[in-house]
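In the two complexes that follow, subunit A is the common piece, with subunit B as its partner first and subunit C second.
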Partner chain A sequence: MIRVEDLTIRYRTPGGEIEALTSVSFSIARGSTLALVGESGSGKSTVALAAMGILPGEARIASGKILFDGEDLMALSAEARREIRGSRMGLVFQDPFSVLNPSLKIGEQVGEGLVHKRGYTPKQALVRAIELLDEVGIRQPEVVAEAYPHQLSGGMRQRALIAGALASEPELLILDEPTTALDVTIEAQILELLETLRARRNLTMLFISHNLGVVRRIADEAAVLYAGEIVERGPTVALLSNPTHPYSKGLLAAIPRIGERKTRLASIPGRLPDLRTPPQGCRFASRCPFAQPQCAASQTLMESGARAVRCGRADALVGVPWPHLDDGAGVSEPVRRTTAEPVVMVENLTKTFTIGHAPWAFEGWRPTRKPICISPVNGISLEIAAGEALGLVGESGSGKTTLGRTILRLIELESGTIRIAGEDVSHLPQSALEPMRRAAQIVFQNPDSSLNPRKTIGDLLARPLVRFGLAPAAEVPARVKALLDLVRLPAHYQDRYAHQMSGGEKQRVGIALALATEPRFIVCDEPVSALDVSVQAAIINLLADLKDRLGVAYLFISHDISVVAHLCDRIAVMRHGEMVEIGPVDEIIERPKHAYTRKLVAAVPRVDGVSGGHPA
Partner chain B sequence: MTAFILRRLGFVVLVLVAVSMLVFTITALLPANVAYLILGSFAPPDQVKALELKLGLTDPIWQQYARWAAGFLSGDLGESPLMKRPIAPMLWEAVSRSLMLTGFSFVLIALIGVGLGMLAALRHGRALDHGISIATYIGIAVPEFFWSIVVIIVFASWLGWLPASGYEPMSAGFWVWLTHLIAPTITLVFGHLAHVSRLTRSSMIEVMQSPYVNAARAKGLPERVVVFHHALRNALLPTITVLALDFGRLMGGIVVVETVFAYPGLGRLVVFSIQNRDLPTLQAAILVVAAMYALANLVADLLYAWLNPKIRFGGHVS
Partner chain C sequence: MPLQLKAGLVITGVIVLLSLLAPWIAPHPWDTISMRTRFLAPNATYWLGTDEYGRDVLSRLLMGGRLSLAMGASATFVSLAIGVPMGLAAGYFRGWVDEGLMRLADVMMAIPPIMLGLLVLAVTPPALWKTAVAVGFVYIPPIARLTRSVTLSLAGEDFIQAARARAESSSYILFREILPNAWPPLIVEASLRVTYAILLGSALSFLGLGAQPPSSDWGLMIAEARSFLDRAPWLALAPGLAMCLLVIGINLIGDGARERLDPRLKARVGKVS
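Showing the complex of A and B:
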């Protein structure tokens, strides 16, 4: 159906030309699904844009061919390519929140392709759009067609996008991280929908994802992309259960798996090579634990049967697992204080937001407007002991983040009590919260927006030390070094600015910042959600080490149950502001009592779980 | 939505009340005495006293204000002590002439400004973009009286296409009427293009790089549909707010332009009444300017809400 041959794409940037893709080749047979797997910067989205012919202006196709149904797309005129896209090829983007035009109705956006491509009248297109919305499982499609994007939930928007891509009955559907922005339960529904559609319409799919669990479920074949090169390719199940390329091995070893005992995760040290001057030899060599001098020579993609791998030592590495790298600190003795009273005690905590007012109405003689309220935190009680991690899971909008921030009094509570380190802080004025601010800290999801871009890391880390008078001025530099050391960053990083560091490094600084006051309790609000798998593993290991070494208590908020199950001792499940279940990890994962918990756990796509795709 | 409009209207009324008080107090504090104005500077003091008493100028200021405001609300703007005739018809005539001028200019600023902004955005970083930027910057950087003179020199003196100044009513013939409007309009438009075109340009550039425009391209829609249907609608939202502000600036801009072109509109009336201490006319004129400003912003707010479904429809569907 589609065949990509030797595709090389370069981007012009102010710092020089970057080679985003280096002679990438693959093909997908009609009716089957290929997954393109890789971390950020691997070039996987560039493949999608190139296939559609909508690369941004700074991109240049240096060489290669894209054959669609035997026709060379590069040889076609811009007009002819435009004809093909949206009629024979459809693209579903990653983020349903920004991909829909905010000022056009859903029905129009789903059906407009038909108007311009198939000569429908707007009215006919709307009728067809409603049918398509119905086909992708949207209830009340007539109402949704008349709605604007902001009135829909993320899952509904993603369905609408898929409906729009399907409208012109494309033969090839390219999906760029279609479920990444969604909750697991919604993700499971979307994947199911894609499987049904594929069977019903004999769709060919190019599925781009970093989530190996999702890939296992949906794809017949998978190709692993690293730094613009395909490093391994093969049938999904075979590749995932028996990876050959060291990078694939590392990627798989870095994923926390539900039900696996708590050891430290394997992580991949280092970072992507500079693609302005890609290394001559194996691009992964600098991060590869199996690297040998011969890896400096250029590597070719060697085919053997259905599989192909770009590693000269592949034969020698068959069956060799990814080593557990010691990333700096040995697992030290836990210093748990089991006897002490809980560090955090929350009782009956409630927070209500007024989101609007009902229309004026008479209540007796008085005209009044009833406020419309939602309670993202509704009567929550929990305790966390020193050195314990309580995981908080639930879908987006269930109140996880609000709970975390209310406990820290970053959001004012409505009622209930909060005791941190034995002190009742629920009703103290903000000015009297100083000791509590020292004892309880927070790590945010996105280190890009939580680190001041105009200060060096050293300044940032010194700030809480000075603010709380934790160290005399002379000792501050030493303390900053110690903090950097604690999160395993080299001391010279104190002179860097946030933009000079990678995502994982920034998150380490975020953690160091929270640790600066020697807190007893840290709220971790989705601290690894913005990170790549290999980096995520290192951060999770770090958090686990710090917990054991310093006896810090965590409230670990995450939508990723596998991560929570790996790191935490107990799990609390939230839904619509209420806690539906709380208990030890094993109990929640293996014997969930509440129906919602069961649904949530079952929805998690697993790398070692069932494969929904056709058997290879 | 009704509640939204009513609330906005309420704000407009509040603004006008506040402005009227401010205008009245300031002009009442000016070193100008209406009685002297009527009787001449060398009138005997006892006559002045008597007239002051008759006009109520010795009453406390709030009483004077109440009387003035009540008259204003009933449509009686009083009489100009200088020109010895009622203010209302004189003012409306001036306002209608100025509205022709600002209306024309405003429409042209909106059309040309948005057009140039779009062109610059679509040719982002190329010669045309830089050319448009430089031209509009020159327009805004040099004051209006300079452009007025340039326009007079070029179109009236050199080319002889347009009259240098003055105003002729429509009854004197459509072309005669129009030619008197063109020169001041060109001046006003050139001085105000930069705001609109720069803002349209930057929001258009941003919108053209947004995921939903990319998605529209991925649907294979013709570029014309992508630009006008998908991008422009969203890119215009900030422009609308600035257009309303520009309408207010135009009302200020006409003071200079009308003076240079000897165009008998509101601006000239204001200048004239200030120069001659004609306080009742000045008060009425300023209030009218404030009212137009407030109404322009009201229209912008409503238009913004109408174009932006997030304001128009708040809630969620099912």
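Showing the complex of A and C:
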């Protein structure tokens, strides 16, 4: 159906030309699904853009061909290419929240292409749009067609986008991380929908994702991209259960798996090579624990049966597991595990936001307007002991983040009590919170936003020390170094700015910042969600180490149950501002009592779980 | 360094340098009347000619540069000094503080600049510094509004929450966390305002509300040259072109600086997804 041959794409940037893809080749047979797997910077989205022929202006196709049904797309005129793109290919983007035009009705957007390309009248297009919305499993499609995007949930929007991509009756569907922005339960529904559509319409799909569990569910074949090169390709199940390339091995070892508690996850040290001057030999060599001198020679993608690997030592490495790298300092004994008295006690905590007003109505003779309120935190009670990690899971909008910030008094509470380190802080004025602020800290999801871009790392880390008078001025630099050492960053990083570091390094600084005040309790608000799998593992390990060594208690907020199950001692499940279940990890994962918890746990796509249910 | 910034720095630098050194490098006295040399066209002795009192235009231009630059800089300083704190407070505290300050800005914006100048200078004798303050006052609202919108978006960033979680005072958050990040757009805006201020100041001088004869503010020079446009066009042309050059130079600096000052713009270099 589609065949990509030897595709090399370069981007012009002010810092020099970057090779985003280096002679990438793959083909997808009609009716099957290929997954492109890779971390950020691997070039996977570039493949999607190139296949659709919508690369940005800075990109240059240096060599290669893209054959669609035997026709070389690049040899065609722009007009003919647009024709193919409009009628035989469909593209679904990652973020259903920004792709839909907020000022057009759903029905118009789904049918838009039909009016322009197929000469439908707007009325006919609307009829067809309603049929399509019905096909992608939207209930009451007539109503939804008249709605605007902001009136729909994320899952509905993604369905509408898929309906839009299907409108032109495409043969090839390109999906760029279509479920990444969605909750797990919605993700499961969308994957199911894609399965059904594929079977019904005999669709060919190019599925781009970083989530190996999702790939396992949907794809017949998978190709792993690293630094612009395909390093391994093969049938999904075979590849995921028995990876050959060291990078694939590392990627799989770094994923926390439900029901498999290890002390620490494997992580991949180092970072992507500089793609302005890609290394001559194996691009993964600098991070590879199996690397040998011969890896400096250029590697070719060698086929053997259905699989292909770009590693000269592939044969020697068959069956060899990713080694358990000691991530810096050895695990030391717990130092400060103290009394059993809880560090955090929250009772009956409630926070209500007024989000609008109902229309004017008469109450007796008086015209009134009732406020419409939502309670993202509704009567929550919980306790966290010293050195304990409480995981907080739930779908987006369930109130997890609001709860975390309300406990820290970053959002004002409405009622209830909060005791931190034995002190009732629920009704103290902000100015009297200093002792609490020292004892309780926060780590944020997005390290790009949580580090002031205008300050050096040294200045950032010194500030809490100065603010709370924790060290005399002369000792501050030494303390800053100690903090960097604690999160395993070299001391010279104190002169850097946030933008000079990678995502994982920034998150380490975020953690060091929270640790600077020697807190007893840290709210970790999705601390690894913005990170790649290999980096995520290292941060999770770090958090686990710090918990054991310093006896810090965590409220660990995450939408990813496998991460929570790996790191935490207990799990609390939130839904619509209420806590539906709380208990030890094993209880929640293996014997969930509440139906919602069961649904949540079942929806998690697992690398070692079932695959799509069609012959691979 | 972007080419724009380089070009801007060179043009503005030359003008600033020449103006500062004016008393020493001016070829002739700028204020000595000499009836014998009236209305001379540009020549070897008087490079830019002479005016109706026989004064050397080049020397007057150089001296006038100091006045125009001082006007632009001090007016912008006034609007930054008042507008930036206003905008920071409005954007960070929101609520009634925001409402109050922004309505105040609206009221200020409703007064036409020339009227304000007239008002200030009608009650007191005209002086250059008063014109500068009046002009600065006029440009408070746009500065305050820009600062407010930048603050609004920065206040949503997590590092502000982190600062609150450290129990930092509001003034620390405003001036140490937010302000350093608000500078890039503010510098661009301020450089635009410098040029507007020079033009408005010149306009006020042209109307007789700013610099007074015999001083050689560029606006005033153009005003005086107006009656002799047919006989001696170089009288208006020289200060006009000088003002153009200065305005272009400062604008180039502003645009170039924006690119250089934003660390996130730099961070984007070399990232592909």
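What we mean here is this: the second predicted complex is superposed on the first by the 608 of 616 C-alpha atoms of A that agree within 3 Å, B and C clash if a C-alpha of one lies under 4 Å from a C-alpha of the other, contacts with A are read in each partner's own complex, and residues count from 1 in each chain.
Here, contacts are C-beta pairs under 8 Å (C-beta built on N, C-alpha and C of every residue); 3 or more make two chains touch, one makes a residue touch a chain.
In this text the structure is predicted, and so the values were computed from the model without any measurement.
**Q** Specify the outcome, clash or fit, for subunit B and subunit C once both structures are aligned onto subunit A.
**A** Subunit B/subunit C on subunit A - fit side by side.
**Q** Looking at the overlay, does A:Asn101 come into contact with subunit B only (first), subunit C only (second), both, or neither?
**A** Touch partner of A:Asn101: subunit B, not subunit C.
**Q** Just to be sure I read the superposition right, which of the two partners does A:Arg85 touch: subunit B = first, subunit C = second, or both, or neither?
**A** first
**Q** Specify the partner with more touching residues on subunit A, choosing between subunit B and subunit C.
**A** Counted on subunit A, the partner with more touching residues turns out to be C.
**Q** With both structures superposed on the shared chain, find the angle between the C-alpha centres of subunit B and subunit C as seen from the C-alpha centre of subunit A, to the nearest 10 degrees.
**A** Placing subunit A at the corner, the angle measures out to 30 degrees.
**Q** For A:Glu434, is the partner it touches subunit B (first), subunit C (second), both, or none of the two (neither)?
**A** A:Glu434: touches subunit C, not subunit B.
**Q** A:Leu408 contacts which: subunit B (first), subunit C (second), both, neither?
**A** Second partner only, subunit C.
**Q** Contacts for A:Leu152 in the overlay, against subunit B (first) and subunit C (second): which applies, first, second, both or neither?
**A** first
**Q** Would you sort A:Arg467 into first (subunit B), second (subunit C), both or neither based on which partner it touches?
**A** Only subunit C; A:Arg467 stays clear of subunit B.
**Q** Considering only C-alpha atoms, give the closest distance between subunit B and subunit C in the superposition, rounded to the nearest Å.
**A** Value for subunit B versus subunit C, nearest C-alpha atoms: 7 Å.
**Q** Which of the residues in subunit A end up touching subunit C in this complex?
**A** Listed in rising order, the residues are 11, 13-16, 18, 20, 40-41, 43, 45-46, 274-276, 405, 408, 410, 430, 433-434, 437, 440-442, 444-446, 449-455, 463-464, 467-468, 497-500, 513, 517.
**Q** Show me the residue ranges of subunit B that touch subunit A in the complex, using the header's touch definition.
**A** 210-212, 214-222, 225, 229-230, 233-234, 307-310, 313-318
**Q** Given the complex with subunit A, which residues does subunit C contribute to the contact?
**A** The touching residues are 157-159, 161-162, 164-168, 177, 180-181, 263-264, 266-267, 269-273.
**Q** What does subunit A use to touch subunit B in their complex?
**A** Within the complex, subunit A touches subunit B at residues 52, 54, 82-87, 90-91, 93, 95, 98-104, 112-113, 116-117, 139-140, 143-144, 147-148, 150-153, 161, 164, 356.
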